Structure formats: structure tokens, C-alpha cells
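Here it is, the structure in full.
Chain nomenclature is as follows: A, B, C and D, assigned in order of appearance, with residue numbering initiated at 1 for each chain independently.
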Amino acid sequence: MLVIKVGGSAGNNYDALCDDLAARGSAAGPVVLVHGGSDETNKLGEALGHPPRFVTSPSGYTSRYTDRRTLELFMMAAGGVVNKSLVERLQARGINAVGVSGLDGRILAGKRKATIRIVEDGRQKMLRDDWTGTIEHVNSGLLRTLLDAGYLPVVAPLACSERGEALNVDGDRAAAAIAAALGADTLLLLSNVPGLLRAFPDESSLITRIPRNDVESYLSFAEGRMKKKVLGAQEALAQGVGQVVLGDARVAECVTRALAGHGTVIG
Amino acid sequence: MLVIKVGGSAGNNYDALCDDLAARGSAAGPVVLVHGGSDETNKLGEALGHPPRFVTSPSGYTSRYTDRRTLELFMMAAGGVVNKSLVERLQARGINAVGVSGLDGRILAGKRKATIRIVEDGRQKMLRDDWTGTIEHVNSGLLRTLLDAGYLPVVAPLACSERGEALNVDGDRAAAAIAAALGADTLLLLSNVPGLLRAFPDESSLITRIPRNDVESYLSFAEGRMKKKVLGAQEALAQGVGQVVLGDARVAECVTRALAGHGTVIG
Amino acid sequence: MIATCPECAAEISLPADTLESEIISCPECGAELEVISLTPPTLALAPEVEEDWGE
Amino acid sequence: MIATCPECAAEISLPADTLESEIISCPECGAELEVISLTPPTLALAPEVEEDWGE
């Protein structure tokens, strides 16, 4: 069982990824593809005059502030065009993909961060109406049903709160949670860098191996989104995922290369 | 088995529809909810400077010209925010909905109308790069799997061409095809009118009953979108659907009322 | 502008405001032709298309 | 502007540029308070919030 997460950022080559999945074929075992959507959401927001607002927590943790309007843009971008374009690419290559989000069938049960503390212009404030969430647990029944019926699930990073509210969640953490719930052999986190770099953005400073019980000491090399990937990796390994590979989504045969050890192998 | 299609136009009350579905509960039998998205797509297109372009066929038949950009807007609006907001409303009312489109799992196998003939400024022209399609057949396996597992499928009107291209299809015709494929007892087409009106827009001129083998003669009362609903009804009845009801999506308990005969009952 | 009918090879003179992808019928053989390009003016048989449209 | 601390009932004077939902701590008892509204100036205990955020 292989769970792949591909980011939305420019440079990531969806076609190359889908070519590789088609070439590998179903003999390579079941696959779940999780994707992001933050870049597309930012672009859509800017074009519609509702640019993204990033906020910082008192401890310096930045994240997107998802008010209701931004959540709807996220549904359009991540839940809509990114999800369905990936499904389209896979269908065009003979792979019977099914696009869903974590909201559907409550695949991703999340906890809403309705109130968050932020620091803005030097002042601490409470911010409400935030539709961001963290993942509490995975209802993997629907995913197993789809996999058993031979489909390739393509999952958009929306979750469902206890009260049935749609939530914006982190794609990497979603992929980690799904990999853990399905007992995946490998969680592959693809992005527009070769893997974890000792000296970002110098791509020759690639860290090729991280022992599973020493992830903590490598966290300092990770910034911004890469930090969330390493955190996700840690969570996945702690919950029984065989290995995590941080791979490069820009190159051809990105899945095959990553599984052959190209990138940062953790585990 | 009940297949419902709800249009996206203003005035349609999604909350009232979802309240009624929750009140009826699963004891009322399996339900598939198909929705539209053309109004949301128009609004999105206008806001993004890509307004909808409607074209007319030589025989006077108008339809939206779906170039690739419009298809992506349709994925965002219909496949994204409309689909996921309906799923969210149902989840909030304790109904375990799963949002998909006809592209997913090739539920709706369509034929692409890549080239169409139009009349513009009095001249006949060929128009290419049209991502509109008609439904060839329904792969109902995925829908049955979801229904058997107790989910309520919410289907966006995208289809999948033989070559795996995403296609924009008519929501009413999609609902009719799904109802026929699932052998539904009732196909309920909800929109922002009480039903087929003898003298549109006079709502007191409601036609309450149309015998199944006399639909043809009522076609003349139907204009624009309503014509497609009546065509869809005809197709559904011809393929074994028990009855078709044209109901009012603006009122409370719209499903229960329609099933009790309020609206235009065909069959 | 002069173009040749692909069906009967007749010489067809196209009005100055002819548009690309416009459909014209050949005055000689009546075939329905599509203006494939204007530079140079080229015609091809207009594809048959069913009437029924999607959304 | 004067507001009362919900924890120790102390009178707290709020600077003119205080913002709604701003967090301040009570000079008397040190409790973390949120400015619920400015008209009239009202304070409530600031909710505890875990650090970990989503996307």
C-alpha cells in the first residue's frame, strides 16, 4: 500500500506523476493520492479580490487564516479543479480514479480551530471564524471500499468536524494520517525540492537518510512547509507506516525514483 | 430508490432540501442527489473576467460554450463549492454524504461534442475546443457500492469521455440517466418554479399531471431549461423509471411535498 | 480571395469578410465546406455534427 | 476607557487604541483577558488554545 501526497506548487509535474503511476500499473499494489491546493487557492483568492491572509501564532507558527470565504475558495480550488484535473489525467491514462475529499464520508474527522491566538502589529489577539482544523482520526472504510473495488482514490485536504463542518487541513498531515490508518508500507511526500536539504535552497545538500528514531534532530533543517512534512513523517512512522520518502515532484518517474531511494528516506 | 436533481439557481433552498432529507431519514430508502452549477459557474466566470458564452445551433438550440477555461471554472463551481457545500449541509444533519462527479470512476460515460455548428451574426461557423458532452451510459457500480455502504452520493454534472476527458453535461439529463441506470421509482427534478407551467411565469397555471405516453404534446409549454427537464423526464420514463416529478426547490419539505404529488407528476 | 472546392475543384471566390471556421456551400456542387484557414484560403468538407447538445 | 477584570474585579484602564478581541493581562491578578467589546468596554477570560494549527 502506497500513499502519495503531491503539492500544488508551480513546477510540480502532475503529468509526469500520472505517467509514472500508469506505467507502474495496478500490479504495483494499491495507491491513494492525496494532493494540496494552497497555491491554487492563493491565485484564485487574489484574482477574486480576497487574497490569502497568513497569521502567526504567539510561538511564531504561521498558517493561512481560513475565513468562510477562503474555505469556499479552497473548495473550488482544492476540492474542485485540482482534484478533478488529477482524476482526469489518471482516467486519460486508463487508471480508474475517484476524486473525493476528507469531508466526503467523513474520511478525515477533524477538530475545528474555531478560535486561534495570533500576533499582529505586536499585539496578541483572538481570531474567530477560522475554518482550519487538525485531523483527529481517519474513517478509512470508504477508502478501503474504493481500493477493494479497484479504484484509485484522489483525496483533497478537506476534513469534517464533529458537527459536520468542512475544514481546511494540511495536505501532508492528511496524507500521514491516511497512510497510518491504512497501514501503508510507504508514505511518499512529493514537492518541488529533491527532499530535505541541509542548506536550503542548495539542492546538492540533500539529506538522503534519516533513521526513524532520530527525526527530531533533523527538524531544525526544515522550514515552513517542509517542517510540516517532517512532522507528518514523524506521526506516520509513530503509527506504524513502514517508511516515509520526501521526493521530488518535478522529475519524471518521481514515484519509481523515490521508491528506489532517491530523495530523503526516513524509516 | 429516489434520484433528486436540484438546480443551482438563486432561490433554491439547499438548507430546506437537506432538512427534508434528514427528516425523512434512511428509512425512506436510498437517495442519490444530483446538482447543477451553471449559475455559480456564470458568477465565477464574470468575477474572473471570463464571462459565459452562449451559442445557438442552426436549429435554434442554445447552450453554453464550454472552452477549456470554462470547464475548469465548472470544476471549481459545480465539482467544488456546490458539491462540497451540499455534502457539508448533509453531514451537519447526520447524513453521511459522499460528493463525487460523473468523471469519478467514470460514473457518467459521455461523448464529447468537440466540434459544434453555431450561428453567430447571421453566419454559420464551426466551433471547436468545446468540452460539452452528452451521456452515453452510466457505470452505476460505484453508485451502488456507495448506496449499499449506507452513503448518500452527491453527484456533480461532469462526465468522462472515452479518452478520459472531463466533460460538462446537463444536470437534468445526468439525473435522468442515473435514475434509469439505478431503476429508480422516482426521479425528482427540483427547480425554482412549482413545475411545468401552462403560461410561464404565471405560477397558478401549474400543470399537475402528464400521462407518460403524452409527454410530447406538453413539450411546447416548456422553454429553455424546463425543456431539458421534460426531455430528461421522457428519457427516464422510456428507460423504466417509475415516475418523474417536477417540483419546487424553494419551499420547505420540497421532497416530501413532491412525492405527495405537489408539482407536475409525469408517469 | 479564391479557394478551391475540395469536392468538385470549382474555384470559389470568398468575400473579404469571410471568417475562419465559417461554413459556406459550394456554388457549383452545393457541398457544405468549412473555411479551414484564410492564409492561404483553404476549404474542407464541413464535419457532420448531431444537433443534440449538452448543458 | 475603564473595564472590570472578570477574575478579580479590578478596574483596568484600557489604552485608547485597544482593539476588539485583543488579549491583555490584568495588572492585578495577571489573568489573560480578551477584549470582548469596546462599546461598552467588556473583558472575559481569554480561551485556552492549543498551539498546533492546520494548513
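The criterion applied here is as follows: contacts are C-beta pairs under 8 Å (C-beta built on N, C-alpha and C of every residue); 3 or more make two chains touch, one makes a residue touch a chain.
What you are looking at is a predicted structure, and each value in this text was computed from that prediction instead of being measured.
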Contact distance in steps, from chain A to chain C: 2
Chain centre separation (chain A, chain D; CA means) in Å: 37
Geometric centre distance via CA averages, chain B-chain A, whole Å: 32
For chain B paired with chain D, centre-to-centre distance based on mean C-alpha positions, whole Å: 51
Residues of chain C whose C-beta touches two or more other chains: none
In contact (per the touch rule at the top): chain pairs: A-B, A-D, B-C
Contacting residues of chain A [partner chain D, same complex]: 38, 57, 59, 61, 63-64, 66, 110, 113, 115-117, 123-128, 132-134, 157, 167-171, 173
Chain A-touching residues of chain D, taken from the complex the two chains share: 19, 21-23, 34, 46-47, 49, 51-55
Residues of chain B touching chain A in the complex: 44, 47-48, 72, 75-81, 83-85, 87-88, 90-94, 96-101, 103-106, 141-142, 145, 149, 151, 158, 160, 163-166
